[in-house]
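Presented below are the structures under discussion, each in the form of structure tokens.
In what follows, subunit A forms one complex with subunit B and a second complex with subunit C.
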Partner chain A sequence: MSQETLQVFIDGVVNYFQHTNDKDVKVGTPYLVENNNPAAYDVTGIIGISGPYRGCVYFTAPRILLKHLLLSIGEMDTSNEHIFDLVGEVANTISGNARSRFGHEFMISVPVMIEGAPNQIHLPSRMRSYVIPVYWKAYHAAVVICLEQ
Partner chain B sequence: MLSLMIVDDSNIIRRKIERCNDSDKFRVVASAANGAEALDLFKQTRPQVVTMDLTMPEMDGIACIQQLMAMDSNLRILVISALSDKATGIEALKKGARGFLCKPFTDDQLLEALTELTDD
Partner chain C sequence: MSQNFDRQYQPRFDFGKYKGIIISIALFLLLDASVLLFNFYVSFEIADDAVGVNLAGRQRMLSQRMAKTLFVLDASRDDPIGFKTAFDELQLSKGLFDETLNAFTRGGNVRGAGNQTVTLAPVSSQAGQDSLRNATELWRSYKTAIENFAIDFQQGADYQSSLTVAVAMARVHNLAILSLMNDLTIDLEKVAASKATRLQIIQTVGISLAIINFLFIMFHFVRQLRDSDKVIEKARRETSEILETVNEGLFLIDKDLVLGEQHSARLIDVLGPQEFAGKSFHALLENIVSEKAAETASDFIELLFDPKVKEKLIGDLNPLSLVEVNIAQSNGGFLTKHLQFSFARAYQKDENDIQTISHVLVTVLDITERVKLERALNESRKHNESQLEMITGLLHTHPALLKEFLANSFDCFNRINSILRQPAKTAQSVRDKATSIFREIHNFKGEAASLKLEFFECAAHKMEDTLALLRDKRDLTGNDYLGLTVQLESLISYTQQVEHLTEKLGQFAVVSTSEPRHVSHKHITGSRRDDGWGHLDDLVQNIAMRNGKLVKFVASGLTEIDLDSQYQQKIKDICIQLLRNAVVHGIEPPRDRELSEKPLIGRIDLRLAKISESEMELTVMDDGKGLDYDAIRTKAIATGKWPEEEIESWTNKHLLGLIFQEGFSTANEISIDAGRGVGMESVMSHVLAQRGKISVSSRKGRHCRFVITLPILYANASEEIAA
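This part shows the complex of A and B:
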């Protein structure tokens, strides 16, 4: 995957947080992981990708980050339902925004949200994923890109 | 005051749009989580303005716009979507939408887009 492709998703996550009330987000250096050991925090929103690129993009974050993020977008109800809704919406927004670079053939699914251990995220074992670390407030999260062309 | 229906599969986005419209210009009369639900609620409430997400389960936004416009060609639809490519925006406009706001958006951007939609 090219640096240019990764930059599209880095720009997407920065753009998302810059539309909240706490805009100061930092993105770390992306790194590769084996798909038998996927990166995951408490809650994950996964978007399936089809078209010229195939695979998935997911946003994964600890519950406490998502609670603060809800407050930061003006949502005072930090219930579990809204935490799941938000993690899916972040994943959807980052993936959807990528179409400005990849075009309308970059097809995205509706989000699937999961909670719990990393072993619940099933990724193709023959591929590796790029992890983009995200630092917001005192919390860590990640955008993970598993795509093949 | 204009009646407004919000269509988005995210409850937090629906609630955000509702909060933004806490003014004397729009009155939210319906809120739907997908295109099929939107069609049912449209028949019951006949809103003048609709905000429409595109990526939704059961019936997506483009198909819903087409069916809503067949029922009311004067309907003013603002698409609010993360799909930021030009082709998608053009397709929505061809189906009858009058405006396009890309997610993520601020309260000010939403109010500006709704005002442009209803002032023309």
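This part shows the complex of A and C:
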């Protein structure tokens, strides 16, 4: 997978945080994980990708980060429902960015929100995923990309 | 299939099928009509007969009246008025009787009871005719007598004798005539009664026939209906059986591009469960192919409905002959299928028997497996090619060494990945990662070079290039490492492929060897110990060749100490770096050596010696040009890290320290063998990690010697720990 393709998804997340009050979002050094031991925080928003590349991209973050993020965008209700919506929104921003960059060549699914790590359906165990840490305030989150050609 | 569809969609009126029933009904009506007609006819006849019977009865009455008036006349000879009245009555009775008798005998008109004229047919029955003949016979003389009396009376002549004759006639014939007329009446009644009976019989037979006909119609019609129902049901079952079983998705599209009512069961598997009937084709494609492809497909089908366009000619234009569809799944993923749509015109005959295009039959085939197989074949072909390339690149390496190299490589990749994984929020910590990774990858490159594994060496070199750019970049961020991670990923993938390949080759070796397994195992282990160091010679020769130098490599004592294998690997890393430096920086090119009257072939000594039970000494010495302190000094000035004056005042010892610093190399340009300035720093970090010592001695133009003192870590010691 090319660096440019990966960058599109990273930009998606950065774009999302750019719209919040605290724009100071940092991207950590990308690393690899084997899919049989996927990287995940508390809540995960997954989008499925199909076309020239297929697989999935997900944004995963701890609850505390998401709560803080909700508060920072002026949402005082930090219930689970809102947290899931927020993760979905981040995932949507990623897919929107990907759509505008890749065009109609790629098919991108609506986000699916889960707790914890995605299962085998999304992450074939024989593959590796790229994990791109995202630092926002004092918290860690990550974009994980698992695509094959 | 299309014929079936045709039949179903083309209900034509079949006259022949209904011929039987139409004839039956016509017969039924005909029968009813003829019974009715006959009924009418016979009714009229019976009415006529009734008139006859009535008149025959009157004859009886008239005969008696005539007799009575004659007796009255006989008794009233003295009463002229009474006589006249009786005479008139006699005349009337005689006239009516005679007229009626004639009418009965020969047919003709007669005055009826109401004085109306009635036409009588001659009596046809034998008994009637006999009665009439006898009566006529008797009546003739009787009538003559009466007529004679009447003439006499009317002419005013003496009528006494003629009246007496008439009265006598009456006395003689009255009873006989009465009896004959009675017979006639009875006969006529009989004829009428027989006609009524015949009518009853005919009516009964007619109605019975009608009922039989009705039953026949019922039976025949119901059976035919049932038979045709059976045929229709059978056809329907066959159609649905075909639609249930057929392996393709089948459906019809009409001119408005709307799907028909029926489709094959397979369609649900192919396109996913949904309501197909009445759906527009465009809507069907909406979520599975791109908008543009769906529009092209609609245009194509419209072309198919145009009778002027030849179907065969536009067959190639089918935009859906092979489409990749992505069906969104509820879990957010996509199910990718490869579908083949084919379109065929379906014709129907109109009222004028002209074929028109009624529908387009769409066949959808799921050819995912086939496409996957094709791709797998292609991939395996490519894979085979790359494997062949890989094998040629690996053949020169001893399998055991390669295995060791691969294991070390994965360790190295893991270490690099761990470095990347460490959270780093400050710019410095991000920058430090480049240095740490550099060291790892440089060692890896060294090992790859020592085994002449060019692909790995090149890949590592490229990663070093990336790292060099990162090191020099201002405002370095984590994101900048993306390219490096991608390189790492592809290197890991390649290494995994090589590992996979060597496993396969290993199996091949096990199978092909005729020796017992434990023997071959021992052989491999032994050879690894021997070759464990032997490849260093290859490394030296390899680097020498690349750098245009001639070197003799002399190694000793390497196998005398039974070192722990991991520890041995570290020692090897040190050796590789030092040997590389010796070749690249120490040994001069043959031409220079010739000029300085040295042997053309340079010499590098590698010696490992035990100096105590716990300590050993590694010596690497070359007879090259020695350390070039001037070059180090110039390089140090070039880095701009220190003031020039300060560097000028530095002693050789101080300068020597520089070569162990990260990023310091005296090589003029970066090549695969030198110039990164990481090698010596890596040696130093290894030595320091083992709490060893390093000493360097050098004489310009003569030699350079590195002596490293390290603790000994025995092989069995670690095995014991492991146990």
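FYI, the second predicted complex is superposed on the first by the 142 of 149 C-alpha atoms of A that agree within 3 Å, B and C clash if a C-alpha of one lies under 4 Å from a C-alpha of the other, contacts with A are read in each partner's own complex, and residues count from 1 in each chain.
In this section, a residue touches a chain if its C-beta (ideal position, glycine included) is under 8 Å from a C-beta of that chain, and two chains touch if they have at least 3 such contacts.
All values reported here derive from a predicted model rather than from experimental measurement.
After superposition on subunit A, the partners subunit B and subunit C are accommodated together without colliding. Once chain A of one complex is fitted onto chain A of the other, the partner contacts of A:Pro133 are limited to subunit C, with no touch recorded for subunit B.
In the superposition on chain A, A:Gln7 contacts subunit C only, with no contact to subunit B. In the superposed model, A:Pro30 makes contact with subunit C only, not with subunit B. After superposition on chain A, the vertex angle at the CA centre of subunit A, spanning the CA centres of subunit B and subunit C, is 70 degrees to the nearest 10.
Of the two partner chains placed by superposition, only subunit C is touched by A:His122; subunit B is not.
The partner that reaches more residues of subunit A, of the two candidates subunit B and subunit C, is C. Of the two partner chains, both subunit B and subunit C are touched by A:His104. When the two complexes are overlaid on their common chain A, residue A:Ile73 makes contact with subunit B while staying clear of subunit C.
By the touch criterion stated above, A:His19 is placed in contact with subunit B alone, subunit C being left untouched.
In the superposition on chain A, contact is made by A:Gly48 with subunit C only, not with subunit B. Of all Cα pairs spanning subunit B and subunit C in the superposition, the closest are 9 Å apart.
When the two complexes are superposed on chain A, the residues of subunit A that touch both subunit B and subunit C are 104, 110. Touching subunit A in their complex are the following residues of subunit C: 290-292, 326, 328-329, 331-334, 336, 417, 420-421, 423-425, 430, 433, 477-479, 481-483, 485-486, 488-489, 492.
Here subunit A touches subunit C in the complex through residues 1-3, 6-7, 10, 26-32, 46-51, 54, 56, 104, 107, 109-112, 121-122, 128, 130-133, 135, 140, going by the rule given at the top. Within the complex formed with subunit B, the residues of subunit A that make contact are 15-16, 19, 70, 73-75, 77, 81-82, 85-86, 88-89, 92-97, 99-100, 102-104, 106, 108, 110. The part of subunit B that touches subunit A in the complex is made up of residues 9-13, 15-16, 19, 55-57, 81-85, 87-88, 102-107.
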